[in-house]
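Some notes on the structure that comes next.
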Amino acid sequence: MKKYLYFIPFVLVPLPFAGYPFLLSIFVLIGIYTIAAIGMDVLTTWAGQISIGNAAFFAVGAYTSAILVVNFHVPFLIAFLISGLFALIIGIVVGLPALRVSGFYLAVVTMAFGIAVQQIIGVFQITGGYNGIRNIPVPSFWIFKASPLYQYYIVLTIIFLIFIVLSRISFSKSGLALFAMRDSEIAARSFGINLLKYKLAAFGSSAALTGLAGSLYASAIGFISPSQFDLTLSLDLLAMVIVGGAGSVMGVMIGAAFFVGLPFLLSGYNISITIIQGAVLILILLFLPKGLLQIFKIKDLFKKKVT
Amino acid sequence: MVFQQIIAGIITGSLYAIVALGLVIAYKVTGVMNFAYGYMGMISAYIFFTCFSMVGMNYILSFFIAIAFGSFVGYAVERGLLRPVRNISPASMVIITLGLLLVLEGVALQIWGNNYQQIPNLLNGLPLILRFNGGIIVIPQQNLLILGVVTAVIIALILYLNLTFQGKAMRAVAQNEEIAKLMGINSSLMMSISWIISGSIGALAALLVAPQTFVYPDMMLNLQIMGFTAAVLGGFESIPGSIIGGISIGIIENLVGTYISTNLKTTFSLAIIVAILIVKPEGLLGSAKARRV
Amino acid sequence: MKKFFVFSVILGLLLTFAFAADSSSFGVYPDKVVIGTFQALSGPYAIIGQGMLKGMKAYFNWINDQGGINGRKIDLLVYDDQLNPALTVTDVKRMVEQDHVFAVVGGLGTPGCLAVMGYLNDNGVPFVYQGSGAPQLSNPPKEYVFPVQPNYDLEGHLIARFLVQNQHKSKIAVMYMNNDIGQQELDGIQKQLADFNMKPYMTIAYNPTSADFSSDIIKLMSANPDSLVIAGLITDTIRIVTQIKQYGMNIPIVTIYPNADPAFIQLGGKAVEGVILTGWVPIPTKDNPDFTTKFDQYLKIYQKSYPNEIPSSYAAAGFIAAEVFSHALELAGPNPTRDGIVNALDTFDNWNGILAQGITFTPTDREGKTSMYFMKIENGTFVPISGWITLK
Amino acid sequence: MILSIKALSVKFKGLIAVNNFSMDVEKESFHSLIGPNGAGKTTVVNALTRVVPSTGTAFFEGFDLLKMPPHRIINVGVARTFQNLELFKNLTVMANLFIGTIHKINYNFLDEVFNTRSYKSEQSKTLQSIIEIAEMLGIKRYLNMPVSSLPYGTQKLVEIGRAVISRPKLLILDEPFAGLNDQESEKLKEEILRIKGLYAITILMIEHDMKIVMSVSNKITVMNFGEKIAEGSPSEIIQNRKVAEAYLGDRSYFRS
């Protein structure tokens, strides 16, 4: 149970910042991207499938939840779950080509999917077209008022739950089947692993996690439009995984913090964020190929047993 | 109108093809999917702009300086950035080139400022006008030039790879680096050469298209995406494949735009491409690689 | 574990100190007024954001050189949001909650503006000038939100009306970008044409980053419309117009106000001769000597900060944003409050500044600028071909 | 008779790799499949385990292997090793062995997430069998190490362990002795024979090392150019002219 103690600091983090809701909003965003990046991690690090179209699942989740909440006044929690479910279904459909194509071919197929979803959202009425959907409310529940603090704990709870699930399956049938598929499809198949099932499961769960993150994003930002879900977002999600530390929830969290935190820290100084961001990305990969997790020397929690 | 659209598609497609070609050369030998490719070319377009419009050199000299710069960028990126981390995962490699993209985009903006810049066409004469049963197709000389250059580059590359010793050595490295090394081939030199070729093709593509798109940091964005798609559609490792891939995409796009939908043109075009890949997972001219187990 | 815990605590403390606020006032100090803006200064939209920021800075530098407004200099905080609304939201919250800006002036980009509009209004922070033509900014009106730029829907109406009533066209084709601007223009045109019991003769959506448009032009030619509206930005509009000319098509082409920029003529050269544009920022011409002097003044102010640079239309937008806010601050008196700014802005009645012309706000109508005019490119200059036109 | 292959053919792009191949494997026998390089031995095994598509039939205890989805083959009791080692190289030895048992595991995803009783008991049963096999093969101390960090010989043991832990009725070994020195080979041979006796496994082995083949096999099938050219006991094969001809020019086989 020791590994769960790592979450205690995160529970305490907001206390000093209660007076600065905007800092909490940043933590909320970090949390949201963490969830989406874990979705990417499951797909790439666990199952060995490459995707540069995960922004589309993020968009599917964000739009599903926003449309349900804004147009149909569905309670947030239900909209949240439906958005995950819907993304799951779409993810399984997108996973189908992965049964035939792999490597960079799969990368381009997923990229095509990402671009297409962006365009489809822009064309239809129900999604508000290119004008997007605005006034998406922040969820409130029972005695908890809509506030960044409350959002923070929602997001933290979800990450915690994902962490528990991932650490429990990592040395069990489901997790090891994915790892096996990643390392050798031929051997995995010879030992009874149904590649069809596990590839679709990987795409489905990746999409579901990303979709849930999208749903939270829509309510945190309050406005969504197709341009927010572009190729850059897909690549950023992949970069978060790699920069932070692939295969570890903590690593992915560090990656997300890097991606949200760096522009935030630099945005007021009139220096080019892209140059610094790009240079730091390159330097990290040149000197810390296993990601920032390497410097923090945080134990690789659930990979401990496996790799 | 079908015929007109197909001709127009070939013209657009030749642009995709040349970008795809450069990507494939670098991929074949070093296995890197270069997301900064178009942006490397963009820098060369700015170099041309600087030499020609700001310094006032003549066109041909500026052109060759820009191409030389492109090949230098290719060399430097492979040597300085990718070589030290050859064995990291493909996803990490993608992220390094993404970092490079961000840096190049920012640097261009810092150095050349926030204005769109212009560079002139190499050929500025009267466009070629074809008329047939009521339809018309106008091909500006610059586009004919692009078509010609693409063809010439392909022929040159194929001759180089098949006839010269160096080209054969490069193909050997592409097929199996270890064995090539054992045979005494300087594989590290071959990798550098592949990126030098790739870098100069990228610069060439940017210079050819810049008179149309103008010069600004994101000028190659669309071409780069379509170049990737073309490369994959063609079979990613096949040089003729990248050309066929590029031209097919140009034609598919135009036919979709004409007969299906304009506001979902990209979506339908990409759907068709994905469908082709599902039927032929190794691309149009790629070969299925059977791994020995 | 212990290390990690210590690390988190230190990080927390650092952040607390880094962002600890030292003032509870609202951006008004004895010697300065602190305001904020968000602009895309890096990333794909930096070309627009950098231009707009230059316009704002040029004006504020000029004001500050004169001693500021009512003895207070204007201190502009700039945050780079890369036109990514997730960053816009955190940046704007930081401006309000930590920097305690008095107002937000001139934010760039529809997604960012729409994402923070509600937050600023709820917190009573004046939000003056948005670099966006989204109709949702002014409709419905919001107490603290003051859009200045005409919205694209309105522009679409005006263009359709101009083509039908002035030019007597009936087969109007529309080429529009596959994005929010294109869609809003198309909506406006369609609505106006519907009032005339008409429809666009054909519509073609396009990807603004495409290099080649011959396919669309072949389609256009075979349909043979009598006029064409291009709802695009500078580079793609020029590409389309150039190719249309190459195909020998000779129909009136109307395009939208973001293109009324010196760069449009400079880059487009001969190909853009005869193109009709809308404008909301007046241009200096012989028959408008009054404005010529004002335009010269604008150039002088701009070039004081950026010597030898020709300002872009985005710089003009930033300049106007600064002008409108500064004038309101002046009207709000020696002890400005946020509500004072709102009241001052609501007194704008066809107000003319240097570049800003005919700006009007009332508590119930927040479309700052509703009139536009048409101009044509002749011999490499913009020549007005109509007076101010409005819908009302 | 546990496995009966009839008229097996494999074609690659018009090239015939295996042609009309038939063979029977007796229950609990040690059957070797030999032949010069490129004779199609590995292709036969790949066809049986559905790595490559093929025609013909291969009945194993009433199931036609060639009609089964590849991931079901282990369920009827056929496990294999690979010529070039197909270990899960980023995983530990323990995880590799675990994957060998994965087809037998009964719990589902929800059991894992909620840590149910059936999950816990299955999991401890599996861990026990992993330790048992590891002890038997003498690789227990490597359990928590990534396989890629182990010496080649040990990796071979892990691969055999992964196949054995699945409790196969038929174990197919594809050149298990390639790349090992004499000492390692001798050790591995003993291990294989011990496992065979312990679990009453039938073994089908492809091997080049004639000395080992002759010493362990009950029956040998010889292939050349995708066809069967001889079959019989080791002593019969040694005297077969066709076999000698097939190996002529491939001197590597006379090393022993």
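To keep things simple, chains are lettered A, B, C and D as they appear, and every chain counts its residues starting from 1.
Going forward, contacts are C-beta pairs under 8 Å (C-beta built on N, C-alpha and C of every residue); 3 or more make two chains touch, one makes a residue touch a chain.
Fair warning: this is a prediction, and the values are worked out from it, not measured in the lab.
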| item | value |
| --- | --- |
| Graph distance between subunit A and subunit B, where chains that touch are linked | 1 |
| Distance-maximising chain from subunit B - centres being C-alpha averages | D |
| Nearest-to-centre chain - CA centroid comparison | A |
| Centre-of-Cα separation between subunit C and subunit A, whole angstrom | 34 |
| Whole-Å separation of chain centres (CA-atom averages), subunit C against subunit D | 71 |
| Cα-centroid distance, subunit B relative to subunit D, in whole angstrom | 47 |
| Cα-centroid distance, subunit A relative to subunit D, in whole angstrom | 41 |
| For subunit B, residues that touch 2 or more chains besides their own | 105-106, 109, 263, 266, 293 |
| Touching two or more other chains - residue numbers and ranges from subunit A | 119, 122, 186, 272-275 |
| Contacts with 2+ other chains: residues of subunit C | 42-43, 178 |
| Partner subunit B, residues of subunit A touching it in the complex | 44, 50, 52, 97, 100-105, 107-109, 111-113, 115-116, 119-120, 122-123, 186, 231, 235, 238-239, 241-243, 272-275, 277-282, 285-286, 289 |
| Residues on subunit B engaged by subunit A in the complex (per definition of touch) | 27, 33, 35, 81, 84-85, 88-92, 94-96, 98-107, 109-110, 225, 228-229, 232, 236, 263-264, 266-267, 270-271, 273-274, 277-278, 281-283, 291, 293 |
| Parts of subunit A lying in touch with subunit D, wherever the complex brings them together | 164-165, 168-169, 171-174, 176-177, 179-180, 182-184, 186-195, 305-307 |
| Contact footprint of subunit C on subunit A as seen in their complex | 2, 5-6, 8-10, 12-13, 16-17, 20-23, 25-26, 29, 119, 122, 129-132, 134-135, 217, 220-223, 225, 227-228, 260, 263-264, 266-268, 270, 272-275, 296-298 |
| Subunit B to subunit C touching residues, read off their complex | 1, 4-5, 8-9, 11-12, 15, 105-106, 109, 113-116, 118, 127, 135-138, 140, 143, 209, 212-214, 216-218, 221-223, 253-254, 257-258, 262-263, 265-266 |
